[in-house]
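Have a look at these structures, which come just after this line.
Two complexes, one shared chain (chain A), two partners (chain B, chain C).
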Partner chain A sequence: MDHRSLLERWLRGIALALVVVFFMFPILWIVLMSLQTNETILRSPPSVVFTPTLQNYAALISGRLETEAGALDIAFMSNLMNSVILSVGSVALALVLGVPAAYAFARHRFRGSEDIAFTLLSFRFAPPLLVLLPLTLYFQDLGLADTYFGLIWVYQLICLPLILWIVRGYFEDISPDIELAYRIAGHSWWATFRRIALPLAGPGIAAAGLLAFIFAWNNFIFALVLASADKQPVTVGALAFVTASGIQYGQIAAAVVLSIAPTLALALWAQRYLVEGLSLGAVKG
Partner chain B sequence: MTATTGTARRRLRVAQGVLPYLLSLPALLACIGILIPFGTAVYYSLQRFRLSQPWNRGMNWGDNYIAFLGDPGFWNTLRISLTYAFLTVGLELVLGLGIALLLQRRTRINNAVSIMLLMPLMTAPALAALMFKLMTNPNFGILSYVAGLLGFPDMRWGASPSTALLTVVMVDIWVYTPFMMILLLAGLRSLPSQPFEAAALDGVPRWQQFWRITLPMLMPYILTASLFRLLDSIQQFDIIYAMTQGGPGDTLMVFQVEAYLTFFQSTNVGRSAALLIILWAITFVLSNIFIKNWLRLRARARGVS
Partner chain C sequence: MHEKEKDLIRAWQRGLLDRRELIRGLGAMGVTAASAGVLVNMMQTQALAADFDWKRHAGKGVKLLLNKHPYTDAMIANLDNFKALTGMNVAYDVFPEDVYFDKVTAALSSRSSEYDAFMTGAYMTWTYGPAGWIFDHNEWIHDPAKTNPNYNWEDMLEGVRKSCAWNGRPGGALGSPDAKQWCIPWGYEQNNLTYNAEMFARAGASVPKDLDQLIETAVQVQKANPGVYGIGVRGSRSWATIHPGFLSAYANLGERDLNVSADGKLSAAMNTPGSKAFHAKWVRMIQEAGAPDWSTHTWYQVGTDLGAGKSAMIYDADILGYFMNGGGNAMAGKLAYAPFAASGNGAPTPNIWIWSLAMSRFSKDPDAAWYFVQWASGPEHGLFGATKMDFVNPVRASVWADAGFRERLSKNYPGYVEMHDVSAPGASIKFTAQPLFFDLTTEWAATLQKMVAREVPVDEGLDQLAESVNRQLKEAGLG
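Our next item is the complex of A and B:
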């Protein structure tokens, strides 16, 4: 079946190498940068020969940056903590709300079910600011402006449709006969849901949860508009850090590395689930 | 005894009827929670409402929208948003299709590369913009250095009006091309092999196989992926805001950046809301087309597997 000429194989190899360089180089470069002091970063021409140092990470983790001009406090670790709280909290809430609803949509055709499912889906595609800007005014009235809960609630705009639609597809793939047989054997609805439906849809729930976590972690605009300074996640925090620290390039690079490391690690660990989830069940990878 | 089982069964049936509503009630409430601010935005868009002038607030009905007709800022926003969306999606489609064709065979190297390409997609767009901002820094950025070597010593990337669009489009391509690639690769690998074998037997050249067989059969995937990206791209905020905040000047004032700045800097809530409603109308039309396409594709993938 292999009727490729040597030339074609070479061209393919070169094209593939270019693809890898273009997509991997920025990540490699930022990691290298995070291991350098400002002096080696500012060398011209740039060079890959340097003595790696962990001082940028040490400064971020200890939260204090000693410069010639004096000490600077960095709140970056609390940003990282906020990201963890917000992402884990929103995914947990979205699973609790979304999985039963997905089951209801998959198993029972009831009046309005399609309308609800579609409204949720179409809001996934609506401009987020449309909802966020009125919410800033509401949040101040409701006293939610300075809370994790307010943000976690708004994050459902990202997480809930994702979980609802992916998990629904998985429930639809399970034959209802298995559940029916278990019901006839005298088990309650709840036991059937817990012991049969949930485990069978497990991989789908995991894929949806992972994807929701990554989208929540990577979100920028929600937190930029709604989060007060002490509730900001890394995406907003890193940007504020650039403005505040200005020329501490090594620390900025280290902050970016720490911010993207969790999602990249998750992506590599669970890549098979992600590919399935990303296509929203449109194609089974 | 029959009576008691009868009531028990009726109770069961009632429970069966209520159950789906009970299960989806929280999701329904979340839905309403989203619809309320949406309604408020529509209401604001019909008002003369500046946060800095609360005494001057009142209904002005369609004035915010009518004002757009003679507002060069609005037309600039519309033009930039459409340019950005079609430029990014077009380039990502071509690149994504090319890479998917390169990776079509399931070899070990190809699988490793396709896993690697997940990494840009999993990077937060705002942070990706930050990474490229460092890479294009005039003092030490590697891309500025490379541009200098290639004969553009004064390339200022995001800071110059002539290259700002190029810079943000580059970041968008870096982040989202893998998405196109993943969908199209899954599509390519799901195509039946018989037409290709038949064409090979008949001696059809391979570039003709691509135009006559691969492309038409892949079309539903291409359409779904492009529409999905178009929906996201016309609303791009993260990359542009993190890179240049819509600048320099108004070079990159796409819808959401313009609306954000109108709300928080000019505190003109009415104009900001009206801008977003227009963007919403565009995405609403697009998303309806997309959902229809996607459901058809999904049903077909189900039928095959």
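Our next item is the complex of A and C:
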């Protein structure tokens, strides 16, 4: 039963609405911009009354924008596809490599284990430009320059430390006794890892995977330096609308909406795991 | 094609007819305008091929690193002609301008052989050249075995051509006899006035003729047009704030960025009495008639506000005014152009930005790359870009002399041709060439921001700037 007064409930509702408006307003504004032409967006004074148009989305999807100034070729959808390939590929590889490694670091103490774990963590803190120029030289020699494989490899600098360190925490929170009991029942180490440890750490792995995906999706510099124009992600591709002859604000807004859609969808889908996963590692028993 | 049409095009190529007479003549023979364009291009390609072995590198490929720009669009639109002429393949990567120079620097500093040639600005070659990342292009320009006889290097506007040449000595004069040609001019920008003719008429204002009038006019037009600010100039904390209108006016008043002593040592020249007087006026202009958010203004905001009708004029790149007079801009068709000399002597000396082409020293086949560079910077492509695309401003005198090009510009861009004609003789890079260029000019912009924000008085701010510049020059062994 709610014991709060009517006034208190009203004030609480207004405060919550203000918070929602404050945080959602930029997104709402971008969505509104994406439905306007450049001329409408730039009119002075600005107005929220306009005739909506889908021409920005149509231009992005068709790859061609027809304006009064002429036609503009847009490679945004291939940028979006590159982001998907690079982010999904790098998170998948990081999960394959990072989860067993996290389990090993959590369950087995061996000589140099902490040093190795910290070395991997330090990748996260290395300034990208510091490593990118030498990497460019190596990549050229190895034939990895301008390949998805090479980029996914470099993206491990972002994903692997994140997954390894977050998932390690979850494995450490799971009581080893459960695994030992399963082992005593005659099961192998691999079966214990697969049937006991992995399902118990599932929410944590999902949370770490999602965070790694967001970081990979937002990366800008790796593909810019190491790859050609046809392998650039959306973070670089969205800048193509800022040209010497003007800024295409409508297309930028539509590009932002399209580029946050996959991450948003993934986050909404994984929300339950995310909350569960983040809170799981937060409390020590 | 019939011989009569061929003869007519040959007559035009020999200069016996102008472009209008050619089109009229072809029209009389029943050739449509579209077909005429194809025929002329084809004949020009054949004429080019007749005098030079363009097929020497047939079958080879070059890869270019390009900035997303109307110059690039013009080149891509004409690329099939180059391929047909040479039998070469051309691959290219186009990157947005915001990240373009990061990509170039990464490619060159890592000694990548991926790109054979790339777009650059002349200022950037002050870093790339001494670092050994690019060639001295004189080796190719003056070699008749490698450069076609119609290339006509001297046709490049002198101020522009020389601004891309430097001997590599800090403080060395651009275009000196011992200078290395670090890049080949492609298209360029002068800094002059673009103004909204309607807003000026509403205010009863005329085009300003000196710096004092510029400030007065900006204030006058601002008062007469509610919601509009008087003058757009750049203001972000970047070297790019210094190089357009600011340095053009500064240089026209006889001021310099750095002094060069007889023994080649550099020292700051920003705190002379003349410089302080100029800065005081410039700061007042921004405070009284500049954008309210001036300190964030880059090329984009200056142009966008003019195109959207939020500013009455800009003192910036002429081609920015050109772009804003077309497309989907609210003020399209209402903009006009005028040369500007801050001193009032009627002889503008605009500082310029030059989009150029340079060959990477790490290219595996620079001779083949030069074939592309000489074609792209040649008179035929220059004329194609200027008349069919937005390849303004061309860097060749012959293109500026073309009646069709002048007519096209004058029709839609009132005053543009006259503005160019008046200011081209004095147009060149006014900075002192030296390797700390970007650091020192960025600090200059930061000081300007403090002055406009009234954080520091002009005199004191310039003394502090000069002290800091001198210290940095000494530390770098330049002062």
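Just so it is clear, the second predicted complex is superposed on the first by the 229 of 285 C-alpha atoms of A that agree within 3 Å, B and C clash if a C-alpha of one lies under 4 Å from a C-alpha of the other, contacts with A are read in each partner's own complex, and residues count from 1 in each chain.
Assume contacts are C-beta pairs under 8 Å (C-beta built on N, C-alpha and C of every residue); 3 or more make two chains touch, one makes a residue touch a chain.
Bear in mind that the values here come from a model prediction, so they are computed numbers and not experimental data.
For A:200 in the superposed arrangement: first (chain B), second (chain C), both or neither?
The answer is neither, since A:200 touches no partner chain.
May I ask you to decide whether A:133 touches chain B, chain C, both, or neither, giving the answer as first, second, both or neither?
both
Tell me which partner A:116 touches in the superposition: chain B (first), chain C (second), both or neither.
first
Once the shared chain is lined up, is A:20 touching chain B (first), chain C (second), both, or neither of them?
Touch status of A:20: first partner only.
Going by the contact rule set out at the top, does A:45 touch chain B (first), chain C (second), both, or neither?
Both partners.
Between chain B (first) and chain C (second), which, if any, makes contact with A:253: first, second, both or neither?
first
Now for A:12: first (chain B), second (chain C), both, or neither, which partner does it touch?
first
In the overlay, work out which of chain B or chain C sits against more residues of chain A.
B
If you stack the two complexes on chain A, which partner ends up touching A:88: first (chain B), second (chain C), both, or neither?
In the superposed model, A:88 contacts neither chain B nor chain C.
Looking at A:264 after the superposition, I want to know if it touches chain B, chain C, both of them or none. Which is it: first, second, both, neither?
first
Does any part of chain A touch chain B in one structure and chain C in the other, and if so which residues?
Looking at chain A, the two contact sets intersect at 42-45, 132-133, 137, 224-225, 236, 239, 242.
Mind listing the chain C positions that touch chain A in their complex?
Those residues of chain C that touch chain A are 68-70, 93-99, 102-103, 106, 109-114, 227, 299-300, 303-304, 307-310, 319-320, 323-324, 326-330, 332, 390.
Taking the complex as given, what residues does chain A use to touch chain B?
Chain A reaches chain B through residues 12, 15-16, 19-20, 22-24, 26-27, 29-30, 33, 41-46, 96-98, 100-101, 103-105, 107-108, 110, 113, 116, 118-123, 125-135, 137-138, 153, 156-157, 160, 164, 169, 173, 189, 214, 217-221, 224-225, 234-236, 238-239, 242, 249, 252-253, 256, 259-260, 263-264, 266-268, 271, 274-275, 278-285.
Which part of chain A faces chain C closely enough to touch in the complex?
37-39, 42-45, 67-70, 132-133, 136-137, 140, 145-146, 224-225, 228-230, 232, 236, 239-240, 242-247
List the residues on chain B that touch chain A in their complex, please.
15, 19-21, 23-24, 26-28, 30-31, 33-35, 37-38, 40-41, 44, 98-99, 102-103, 109, 113, 115-128, 130-135, 137, 139-140, 142, 145, 174, 177-179, 182-183, 186-187, 190, 221, 224, 231, 235, 237-238, 241-242, 255-256, 259-260, 263, 269, 272-273, 276-277, 279-280, 283-284, 286-288, 290-291, 294, 297-298, 301-302, 305
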